[in-house]
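Look for subunit A in each of the two complexes below; its partner is subunit B in the first and subunit C in the second.
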Partner chain A sequence: MTAQHLNNYTEEYKNTANTLPGQSLGWLKTIRAEAFEYFSDKGFPSLREEEWRYTNVSAIEKKLFSAQLNLDESELDKQWLNRFRLEDALTVVVVNGRFSKEHSNLEGLPDTISVLSMTDALDQQPELVEKYLTKAVSNSEHSFVAFNSAWFSDGLFVHVPAKQVLDKPIQILHVVTQADFLATTRNVLVVDAMAEVSIIETFVGGDDAYLSAVVTEVFVGENATLTLYKMQSEGDKAYHFGGTYVKQQRDSRFTHHNFAFGGLLARNDIHTDLDVASECDLNGLYLGVKRQHIDNHTRINHEKPHAISRELYKGVLNQRARGVFQGRVIVAEDAQKTDSEMNNRNLLLSNDAEVDTKPQLEIYADDVKCAHGVTVGQLDEKSIFYLQSRCVDEETARNMLTFAFANEMVDKVKLKNLRDLLLLQLLNRFPQAGIDKEWL
Partner chain B sequence: MLSIENLHVNVGDKPILKGVNLQIKPGEVHAIMGPNGAGKSTLSHVLSGKAGYNVTEGSVTYAAENLLDMDPEIRARKGVFLAFQYPVEIPGVSNIYLLKAALNSIRKYQGLDEVDAMDFLAMVKDKVKLLQIDEKFLYRAVNEGFSGGEKKRNEILQAAILEPKLCILDETDSGLDIDALKIVADGVNSLRSAERSFLMITHYQRLLDYVIPDYVHVLAHGQIVKSGGPELALELEAKGYQWVEEQAA
Partner chain C sequence: MSSSTEEITNLISQEYKQGFVTELEVETFPPGLDEEVITKLSKIKNEPDFMLEYRLKAFRHWQTMKEPDWAQLNIDPIDYQAISYYSAPKKDSDKPQSLDEIDPELLETYKKLGIPLDEQERLAGVAVDAVFDSVSVATTFKGKLNEAGVIFCPISEALQEYPELVKQYLGTVVPETDNFFASLNAAVFTDGSFVYIPKGVRCPMELSTYFRINAANTGQFERTLIIADENSHVSYLEGCTAPMRDENQLHAAVVELIVMENAEIKYSTVQNWYPGDENGIGGIYNFVTKRAECRGDNSKVSWTQVETGSAITWKYPSCVLLGDNSVGEFYSVALTNNYQQADTGTKMIHIGKNTSSTIISKGISAGKAQNTYRGLVKVGKNAVNARNYTQCDSLLVGDKCGAHTFPYIEVKQPTAQVEHEATTSKISEDQLFFCQQRGLSAEDAVSMIVNGFCKEVFKELPMEFAVEAQALLGISLEGSVG
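Up next is the complex of A and B:
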């Protein structure tokens, strides 16, 4: 990164910093100042870094995305927004980086459970936020994390106290409508011992270029259960950088469903640290069309014995799209009896589509069960012929098989409303001639 | 209904079928038996339109049309059904979806409206009972995790719903225990009619105890070397294939 480009963002920050939430909190000022310094020093990640070698972020350096807001949230097209709103969910809507009370709906939330915008949480429960913010991930992870800590303007704070079970899912609906906007949000999700909750992160936006940068820190307590969904359906010209960093305590269960559909350039990092006998299940689906670049990085740290990890990421890439999967499983010396499986399957629908896949196992313990597999391929000709022999024309057969390949990941979603929404996103992104939605 | 004349087929440069002649009239059941490598599966694949086979000579006429000119789905829509030796698993596509897609493709081709959803379900449930298939299978992915017997029953279920004019059964009896074989055979027998013809390809005589053919042909070295009635199958079972091969030579 050249000094000039870096200056753009650091100069911009001077105009933004004093508008960010938590001004009166000394500890947060320190966090932000340190993060800003880290970012000023390092700049955005470069291709020279191993974890970024397939993903070039220079476009966002060259273009200055600005956090200066000049749109009013009331201009938001409600009908459009409602397409992404899940019925039967508690919804926190963040418009252009700021919590929107008008569009959010938290009716029916029990008093014992906190679901707040980050701004409100910093205002009402600063001690609790302080306990968790930056505790699941540090600046040194990569400079987007530092960037986020310095810049974040709002987000979602959830605290589910011990033994509480929330029967409604919580949805954060993240919307960007302003052209060239920089939306930086920070979510902190805390699920205490034996508690249970489902949370859905949804990212959507307008047709202009913008940058959406989010870091979600997750704390799953002893024997607690969290199912976290992410549907990234940003606009066609958007840049999306997302990181989900999870700390799992013993016997906890964390399930993640990561649907990467939108954006021109999208990057996801999902890390989880596993304590004794905890379980994680990471599911991912990335669909790339046109010139989309979609990068997924996962890291599973087996730090203690008897933990189980399962991972399945599927990619479908069409036209000139490019996908990246880098999955690391690290089994520490102490993590005996680890049981781990990682799979990445890719379907390339055109000659110009590309995928770079790199599963990595690093095992330092000697009594473990670890497996991984990768496939990159085209549609199976035998399956196409089978469908043709059942009266289906070849084009429809190809569409059905592509849909089926991707739909396996949607089928794993237990929330019906979310599954319907995902299905629609899926069908909108791929040739669907001959597929009858009513039958699905 | 089906007329195969002097059919020669190569796979790559290698001749597999070397002049097959076969006439099937409406309502007839023909069995083709033969040793491994005789070209039995090649014949079923060529008739159903699978890619990778090169017809070098001869013709196949189906209902007065050139069958070999048609795409596989057109053959299927016109009533040619192949029950696969190894039915393909298709994760992510449910059985019921495939059945509906297939039936509606035929109806659309015939200029008919889509089948009514309720009528369709009632019809499917009826056929499912006949083949002793658990209704839950309808909502599972096509053949995924099915046992060998379940896969073969599923093939016959598809035939029962699509109501083909010509049913080609490719080694439908292979891999079946006796109970499963009986269920499949009952299913096949229930489909027999004065208009519907069958071409059963089998290595063993066993299936023919339950589905009694009108004609039995022996395919060896790419040609039909002997034809006869059901008694030919018994003779083959007793004497083995070498006997006809020698006779033909």
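Up next is the complex of A and C:
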């Protein structure tokens, strides 16, 4: 990164720093200062770094995104926003990096459970936030995390105390409407022992270029269950960085469903650390069209024995899109009886599409069962022939099979409303000929 | 399991059988590397001018380079000025004309290694070029090869007799700027094998080279260049050993294969450099660049390797599939024990149409060893209908070792079909119990299971070597079962 570009960001930061929440908290100021120093020193990641070798973020460097707010949020089109709102969920809306009370809806939330904007949480429960912030991921993970720690302007804080089960899912709706805006939010999700909750992260935005840089820290307590969904449907010109860092305690269950649809350049990191006999299940679907670049990065860290991990990522790349999958499973020396499976399947639909995939196993224990598989290919000619022999024309047959390939991931979603929303997003990016929405 | 654990521990601790030192009078350069050394080396070898230029160019480039550090390896820093870059048995003033003239002690060395040169002619028809430290000692079976028109000689000799041929091909697959160790090799290589198979010739016998590092503080930098012209076929074998010493020695070789239309090269390696003792002291650093270019249509390259030796192995035999319908294959067994480290794998670069490649890699890790598979499958934009199948399995023996898999897959062609599969597991107690219940000792059971695990690769080796490889595996694994 050139010094000039970096300076743009650091200068910009000096103007915004004192408007960020938590000014009165010494510990937070220290975190921010350290993070800022790390970022000023390192700049954005470069292609020379192994973890970034397929994703060039120089466009973000060169384009100065600014966190200066100059739009009135009342301009937000409510009807448009409602399309992404899940009916039966508790909704927290973050517009241009700031919590919007007006659009949010937390009716029916039990008193025992905290669902707050990060600003409010820092105000009302600073001790609790301090206990968790930067504990799932350190600033030195990479520059985007440091960047987020320094810059974050708001976010979601969820705390589900022990043995509480929340029937309704919580949705965080992240909206960016301002052009060239820099939306940096930090979410902290804490699920205590034996509690259970579903949380949905939704990212949408306008048609102009903007950058959303989100870090979500997740803490799943003993024997607790968390299902986390992420639907990334950013605008066509948007840049998206999303990092989800999970700490799982013993016997906990963490399921993640990651749908990457939008953005010009999208990068998604999911890291999870597994304690004894915990389980994680990572699912992902990335769908690239036009000139999209979608990078998925997962790391499953088996630190203790008897943990189970499952991972399935599917990609469909069309036109000039490029998909990246880098999955890493690390089994520590004493993590015996680990059971791990990782799969990545890719469908290339055009001559100019590209996929780069790198599934890695790093194993330091011996009594383990670990496997990974990757395929890159096209639709099965026999299946197409079969459908043709049943009087389906070739184009329709191809669309049906492609749809079926992707739909497997949507089908895994248990929330009906979310599934419908995902299907709509999926179909909008597909050649639809022959697929009747009514059937689905 | 405790009693069998003991047996296994005994098994593992078997010694390196090739660890003897041969007392020979040798001529060795003092340690150190600069342009003067290279010039002197080139002069001793009486090389044509273009070689000296090539070497100096490589050396100048090498000075600007840094050692690669991306591999999953722990390498103690290497002092390149402490290595001697030339060592040769002294009596080479009058080069041996036949086997009779060879230093009997040297012949004895090879006998200990199990390659009795003087018996080769009567054996199954394997022509051997033996490289001892830096110079090629003898090439057997020359007459019969000459008849077929096959050139098989030390590369130093080829530079004297066929300079045009060498000049035309040397460095065209692995350029002198390729990587740190390849550049070093280009600057200082002293010998190696040169093979040229003319158009339409099927090499009448298997060709073979044996490498041995004998002198202390020397590095071995050999260079192998094999050209298979149109419609030809050759099968080539290499084997390596070194004496036991408590310091690390460097081996940085470069192998270039060139395959023209309809030709085929089968290249097999049994690498058994000294791996260091059970505390990880000593052993060879094996940093090798091997690459094959399938230049013509319908050409085929097959790499088979059995890697049991070396303290550190850094090696990625690659295939550049340029010609349409060309085929690349890679079969590998890499075994690491004690403190050995291996980072090995392959690169398959699909450029031509209808190209296909197969990768079968078996890693076995025991003791405190780290074994890494690192492979790249790259399908270019024009590689219509490219096909790759990769399978890499790892077997863990003992709870202190590591097995890692780092495949890189880059596809730019929608009609390509790429599959990758990997599994890691240990020898299951059920399997062991089953064998023992049928009357096998724990040791035999492990050996049987490991051999079964590697069978897919061993069946690619020529017969005699398959037997040797199995035996090697047994030795290297002895005592490691638990």
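Everything that follows uses one rule, which is that the second predicted complex is superposed on the first by the 440 of 440 C-alpha atoms of A that agree within 3 Å, B and C clash if a C-alpha of one lies under 4 Å from a C-alpha of the other, contacts with A are read in each partner's own complex, and residues count from 1 in each chain.
One rule holds for everything that comes next: a contact is a pair of C-beta atoms (placed from the backbone, for glycine too) under 8 Å apart; a residue touches a chain by one contact, two chains touch by 3 or more.
For clarity, every value in this text was computed on a predicted model and none was experimentally measured.
Q: Tell me which partner A:336 touches in the superposition: subunit B (first), subunit C (second), both or neither.
A: In the superposition, A:336 contacts subunit C only.
Q: Under the stated touch criterion, which partner chain does A:250 make contact with: subunit B (first), subunit C (second), both, or neither?
A: neither
Q: Now for A:346: first (subunit B), second (subunit C), both, or neither, which partner does it touch?
A: Only subunit C is touched by A:346; subunit B is not.
Q: Name the contact category of A:391: first (subunit B only), second (subunit C only), both, or neither.
A: Touch status of A:391: first partner only.
Q: In the overlaid three-chain picture, which partner chain does A:408 touch, first (subunit B) or second (subunit C), both, or neither?
A: A:408: touches subunit B, not subunit C.
Q: After superposition on the shared chain, which partner residues are touched by A:50: those of subunit B (first), subunit C (second), both, or neither?
A: Only subunit C; A:50 stays clear of subunit B.
Q: Classify the contacts of A:360 with the two partner chains as first (subunit B alone), second (subunit C alone), both, or neither.
A: second
Q: Check whether A:375 is in contact with subunit B, with subunit C, with both or with neither, and answer first, second, both or neither.
A: second
Q: Common interface residues of subunit A with subunit B and subunit C?
A: The answer is that subunit A has no such residue.
Q: Please give the residue numbers of subunit A that touch subunit B in the complex, ascending.
A: Spelled out, the residues of subunit A in touch with subunit B are 380-383, 385-394, 396, 400-401, 403-408, 411, 434, 436, 439-440.
Q: Taking the complex as given, what residues does subunit C use to touch subunit A?
A: Listed in rising order, the residues are 70, 72, 379, 381, 394, 396-426.
Q: Which residues, counting only subunit B, touch subunit A once they are in their complex?
A: On the subunit B side, the touching residues are 48-51, 71-73, 76-77, 81-82, 84, 87-88, 90-93, 96-98, 100-103, 105-106, 109, 141, 158, 162.
Q: Once bound in the complex, which stretches of subunit A touch subunit C?
A: Going by the criterion above, the answer is residues 50, 333, 336, 346, 348-351, 353-378.
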